[in-house]
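So, here come the structures, one by one.
Two complexes follow with chain A in common, the first pairing it with chain B and the second with chain C.
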Partner chain A sequence: MSELMNDSSSLPAPPPWSFDPRRLGRLGGLAGLTMAFICLIGMPVKIDTVPLIERVLSRGYTSLVWVPVVFGFIVASQVVLEGMQARKRGLGDIIDGTVVGGIGGFLVGLLAWLINNYDIRDPLINWSPALYDFLSFSKGTGFAFFIWTALGLGLGAVGAGLQVLPTAYRRIATWPAIAIVSVSVLEAAFSDLLENLKLEFVADAIYAKQRGVTVKGAIILAVLAAIVAFGRDRVKTVVASANANGTVLPGAALLNNVAASTRKKISTTLGVVAIFVVPLFLGRIMHELLANVGLFILLALGLNVVVGLAGILDLGYVAFFAVGGYTTAVLTSPFAPWWTPELPWFVSLIFVMIVAALVGLIIGAPVIRMRGDYLAIVTLGFGEIIRLLFLSDWLSPYFGGAQGITNIPGVEIGVTTIKGTDPRAVFYLVMVFCIVAIYASWRLENSRLGRAWMAIREDESVAEAMGINTVNAKLAAFVTGAVLASFSGAIFAAKAGSIFPGSFKILVSVILLVVVIVGGMGRIAGVMVGAAVLIGVLGGPSQPGLLQEFGEYKLLVYGVLLVLMMLKRPEGLLPNVRRSRELHGDELTQDVWIKAQIEMDEEDNSATTEGEVAPA
Partner chain B sequence: MTVAVRSKSAYKKSNVDFFLSFIKVLLVLMVSVGLLAFIAQQIDPNNPFAEWRNEGATRLGWPALKGLLIAGTIQGFMYGLIALGYSMVYGVLGFINFAHGEVFMVGGMSGWIVSEKLFETGLWEDAFLLALILVILVSIGVSTLTAVIIERVAYRPLRGSPRLIPLITSIGVSFFLQYTVSLLLGPASKSFPVLPEWLTKDRTPLDISGTQIMVLVVAIVSMAGLWYYVENTKTGKAMRAVAEDKEIAALMGIDVDKTIVRTFAIGGAMAGVAGIMWGLLFKSLIFTSGFLPGIKAFTAAVVGGVGNLGGAMAGGLSLGVAESTAPLVLLEPLGIPGVSQLKDAVAFVLLISVLLFKPTGLFGERLSDDERA
Partner chain C sequence: MSHVLEIKDLNVVFGGLHAMKDLNFHVDEGEIVSVIGPNGAGKTTFFNTITGLVKPTSGDVLYEGHSILGLDPNQVTALGIARTFQNVRLFANMTVVENVMVAQHCRTKQGALSALLNTKAFKQEEREIREYGEKVLGFFGSRLVGYRFDQPAFVLSYANRRRLEIARAMATKPKLLLLDEPVAGMNPKESAELTALIGRLRSEWGFTIVMIEHDMSVVRDVSDRVVVLDHGETIAQGDFDEVSNDPGVIEAYLGRPLENAEDKT
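Let's look at the complex of A and B:
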């Protein structure tokens, strides 16, 4: 699109910047409401105990101050209409941002005043003196008004300024902030890693005693990040100019000799090695976290086959996880209430696969012909039915009902047994299965079946007309997903040592859906990164993530993420190329059409100027 | 659609078809055996069926059955009220608005806040009817507002995208609303103030409690109002036109956006009524209260035929009755213990069987061709 904008100089000039009080008022009000909402759900007070930067900024204030920046950024952005030129950005935009931020900040001051003067703590549990003290820095209402309006003005200007800056400079400004926040969030993991690598002095330099980054550490990080951003930009410009001039840079020959695919292979290998080596230097808590993340990666890879490749929205995916877990429990545990064959884990895995595939067929067969949205709700129903059955008194002689099944032995490998007491071993086991899952989904994606799935995802009727047996293909997707989920269930059972119906709520399915969608449907790397980041940082349905204090808010955040992703980027953060083309197909066609229109107009114009006489 | 075309042509039956027929036969068998066992048990407790029924089973007499039927009907009316919103939105926009159950919950919760406040001021006891009307109005207002805001923020930008995208969005909205309420008002269950005694006591001849009568009256009045609105006013006509074909409706001078907003508003209002009635009937609400009733109400909409308002009502009633009676009538005589735990499962099985036997619902769908694809 930008290409289109640049090479057509005949486009009409955009309207100049103008002061639009209604738009500013609306966005400022929204900024204020967002901050008031964050305050009233109790987030700032709750997470204020942990500093982000020692003695400078706490996580509580961080949860508010990003709002004016983002709204300033939004207000300074502009919608470039098709066939129009982009307007030059300037001081006007920064004024806009300042106003919006200021209004937002003023509203926060107003909230502090309201809390001080009215008591509606009865329904709103966070309408508390603690929140008032937090907002007014314990210095009275007047100070609250002053400080929040000032903060809003400043931060709004910063946000708008980021929008006004050219991309290269914007990166230099944002990377340090991103670096500090992520280093602070990953504190538990990093300090653990550094300690085990005998690099405690680094950890001591970056992290303060009371958690959070030290001021010195923050400055170093910011400078480093800025240098990296700057350096990256410089290299790019140098390479670009060299390419333009036709000069060969030293070292470029070497890089060019290595084909792109080889480079990709090298980076993948490095990534895999890192996944297997890094856990050796982590502590127990991190291993536990990694094991949980691994289980979710495995589940997400399975759901990716169903949702991402075949386009079947399965909201009852947790059912197969439950079936895998319960089958393992019955087959291996000596305490299973009905039948105790006490098989070793790997032998039981064969039966787990068979059972999961059968359940996949049984659930899949009735739903596979329904239209997409009915299918979603019916699979959700099946997921719930399976949980209710495991919970019921009816089947409790077989599956233990609410008491579940306990004393599930671990995974026996030759000399040792992998159990929940050694989460690192569990992590490696999960990773082995992830490799199987990745290999399977990679091979499937490029197979005849995989292409059939993608054709069905794109348009089922056309796929059928092309001779694809859609019912069989969709059933195959369902069963593949079921088997992959059952692996995860089997490992989960061995890890936890006991299994209860409460672990298999609908929530699991929904969180998995968020993971797959945020990561990027249909792309293996995207799904893995999505699972690692979301489950690792925010936490799973009942597993804590790195942001433990944030636990209460994670489901809210998952909901917001789902909506935002669908609105702004339905193809995910690391999208599958074909998938994103499917989703934005209309826009691409539109661009082509407009380009053709403009060319036609130009031809018309030149024709009229040549002919001098304009026919009526 | 494809299924219908296929069955008419010389289509070779696949294994899936055989399996589906098998499931259908199994479902029919289960229902009929359960019914036979139930009837036999009513005639003579020492019949051959009763030999393999479980020991602890309660023998269901007429009074108990009547109670179940009444409770089921009342519940069914509430499902019907929620189902109207699903049905209308599906009729107009062609996607399942998952967040509708949460609109219902938000309505109930706002009703709780107001009734709590009115109870503190004493109006709840002094002038109960006035207080009740106030509470209902506030619930309707808040849930209507919620529905309209959701439409504006989350669904309008997605109009015209593949149908699964707004569905996924609505799951996100549903989560957002649930946890917003949980975080703003606290995760504990909210109990409503005590209702006056003249209302709660049982009434002869049917032993219906006054609360149930109230729910019944309010539900019937709101449905009648909706029926009149959709069938007899100009806006209602516009709604039906938009459901039929958006583009043609726009060409006829109907403001499609406005009509869609109205559809959401009316659905939200009905959900608000259902929410406060639910709260008063069961005396408490929690932030997850909306999820299951929401899904069940969707089931009701499908049972009656999506897009069909009368169907949504009928579907709600049949779901309510089925859910309250089926466990004790069909399942217990079969020898299944702890049947009341399977109540929710019954609703889903009903959904699946309706989609298997008659995918267009009992009373037929009213959708435009685009949405049916």
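Let's look at the complex of A and C:
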């Protein structure tokens, strides 16, 4: 490791900071355009009704002020070239950030002036006096110019400042902001939880009753988050220095005695217990939300097998959700349009599995022979075909057409029946199935079949040349995904009590795909977190999330997220460990070792070391 | 006497390009045969035809006396023909050991159900797959073992990727190993090391080997027989010395002497 340090100091010095007006202008302009875009889609005015921090900052302004911070951060970031020293960051970068933020802010002022003087409300419906008032704080154009430029300058400097700060301090600066925003956004969930835990006084201290967090609450949160960030950093430094000196810290021995796998087991158990215990202390609305999130987690886990493991880009995944729902409806509802037995839900589940697997085979057999883009388009088509079949007049004697099927009884367990009227019970039911799905994906991933799926995902032709029957393996993935989705469909039908073709639009497939990609393809925990965060906070295709007033913009946010993830972090938020592991050190150690071996073996001074390739 | 692999009057036509012209070829058990030829001579097409990636226009490919024409690549591999790729094509995001484990797919049989139930047979087979994979990787000395097992393939150096390609082909438990430019891009030290390993592939593992190679020192050191292809035709074959002195081969590689070229026009 020390050798590495010496290496880097002998590298050529980077060019010093220089003023690059074109770059600053471009990024500043982009910052301004981003804010203008957010203004003109109407987001700030629309969500301005709820404050983030009581009387200080509304959610509307929050939707704009993050922009200069982010652009300031971007302008101060630097590309570290291989074989070059990293440049020391300093005042120059803060100037850059300030300029970029200032340009962005000035452009927002300009937007306010334009709104006041020209009327193009015809194409742009949000080009409105309301937006002007919002931007100018009802104090006139001059004030708008002044306040937005000043804000831009300040926030740009803050963003660049975050880059200049060492990582440890950066955390102390950012964690409080993240804490305040998330606590404020999650108000509905937290206040509900606190109320049921009889801790209303905490909620009263933090929240101003549907009006965001109080100023006092915000300060408390910020201080707490900063302390946590600072403490975490301190502990890390102390442990690192103790390791370096070889001293044993009290308690460290105890911690080291617990194997890493045991620690992982403990944390997993705690997580599972939390998932089952926390809902006991939540209210009805939160239960409803959790039940929806659960259904989507189950769907996402299924899609993860298809897309994440086997690499089959299935855009018609909703079809299997629909098949599960309709099969349940037909088999259990007394109102099903044609004569069918009124089976109990759990009995019908067996048939649901069989039907879903068959449909998976029937759709899969022709589709699976295609690859890449073609496969995606064909699955998209089949997804729509299934929905249209359920909607059609032709099949309405069986599936009820647009009227759907109503009076689906709930899930009978012993004496009680789980229905949509008790969303908490539905949530628990979904979680049981999620555990089944997680177990199945985990077992399959580490099996012969799972490895074949991964090989197909990596390179289909080579997988075939290595003796894998790709058609069979892909069909297996398709059917596994179909069965998992049909479970979710069956629970969905029992929860809603009725079922309509409108619940199975293409949008469900698209949002599920975003969830899987954002969470981290092929990673079970990532997919679950992705589903919980996106569906829980933003909301599903037709289910509201915690940010209800955000509902109109959730598709935009999904789209932006998808694009950004694919550009900047294709491995997802919680990537597969093997993809993100830091390995460069290992490579160097081995090279040194091999070099020594070669020299010892042969006394050959012309021994050339192999140059290891850094992880891409 | 039956050949391990026999190719009869093989023709491959891509549109207007006659990639293989009436090719006849055979390999006997335990032989190491090198296929050489200038760029575009049809060497890789030759491999692709054997492994079922390219369907020939006419002719026949016999493996142990039976025709393998029309079989899918995975069936060919299951019969016992494994190959490596010229432009290394590993499963980059899978670990080193997973790369060799997945290659044993057609030699193993535990399905999804036993994986879900975690049966005794499943655990037993997983252990065997892993052990065999580690054994195959151990063939390359210290280069692919130990902590390397669980590293993703994409962090490997170029030479190690080439080695892993060979290991992956070995893990399919083949009889006939087709190596497509195994030492391409390696430095002299590394290719000397790999040349020795190719010899050991035959003596220790009992593979019959057909190898495409441009590095003549490797070809000279390991091959029993050299076949020279040009424009899809065999222009010479025999041991290395015969072939390397063959005027036709020299012409194919270096071009015709100038006065002859004038004669031709």
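One rule holds for everything that comes next: the second predicted complex is superposed on the first by the 568 of 616 C-alpha atoms of A that agree within 3 Å, B and C clash if a C-alpha of one lies under 4 Å from a C-alpha of the other, contacts with A are read in each partner's own complex, and residues count from 1 in each chain.
The working rule: contacts are C-beta pairs under 8 Å (C-beta built on N, C-alpha and C of every residue); 3 or more make two chains touch, one makes a residue touch a chain.
Quantities reported herein were computed from a predicted structural model and do not represent experimental measurements.
Novice: Between chain B (first) and chain C (second), which does A:E464 come into contact with in this model arrangement: first, second, both, or neither?
Specialist: In the superposed model, A:E464 contacts both chain B and chain C.
Novice: Answer with first, second, both or neither: which of chain B and chain C does A:A496 touch in the superposed model?
Specialist: neither
Novice: Figure out whether A:A476 sits in contact with chain B (first) or chain C (second), or with both, or with neither.
Specialist: second
Novice: When both complexes are superposed, which of chain B and chain C contacts more residues belonging to chain A?
Specialist: B
Novice: With both complexes overlaid on chain A, does A:A425 touch chain B (first), chain C (second), both or neither?
Specialist: Neither partner.
Novice: According to the stated criteria, A:E384 is in contact with first (chain B), second (chain C), both, or neither; which is it?
Specialist: In the superposition, A:E384 contacts chain B only.
Novice: For A:E552, is the partner it touches chain B (first), chain C (second), both, or none of the two (neither)?
Specialist: first
Novice: Answer with first, second, both or neither: which of chain B and chain C does A:A329 touch in the superposed model?
Specialist: neither
Novice: Look at A:A452 in the shared chain and tell me whether it touches chain B only, chain C only, both, or neither; answer first, second, both or neither.
Specialist: second
Novice: Can you pull the chain A residues that chain B and chain C both touch?
Specialist: Overlap of chain B and chain C footprints on chain A: residues 461, 464, 583.
Novice: Could you please specify the touching residues of chain C with respect to chain A in the complex?
Specialist: Answer in residue numbers: 51, 53, 72-74, 77-78, 82-83, 85, 89-95, 98, 101-103, 105-108, 110-112, 115-116, 118, 122, 125-126, 129, 142-143, 147-148, 150-152, 154-160, 168-169, 172, 187, 189-190.
Novice: Would you tell me which residues of chain A are touching chain B in their complex?
Specialist: 37, 40-42, 122-126, 311, 313, 315, 361, 365-374, 376-378, 380-382, 384-385, 388-389, 391-394, 396, 461, 464, 471-472, 475, 510, 513-514, 517, 552-553, 555-556, 558-563, 566-567, 570, 583
Novice: Enumerate the contact residues on chain B facing chain A in the complex.
Specialist: 2-3, 14, 16, 19-20, 23, 95-96, 113, 116-117, 154, 157-158, 161-169, 171-180, 183-186, 295, 298-299, 302, 336-339, 341-342, 344-345, 347-349, 351-352, 355-356, 359, 373
Novice: What part of chain A is in contact with chain C in the complex they form?
Specialist: Those residues of chain A that touch chain C are 439-440, 443-444, 446-452, 454-455, 458-459, 461-470, 476, 480, 576, 578-579, 581, 583, 586-587, 590, 593-594, 597-598, 607-608, 610-613, 615-616.
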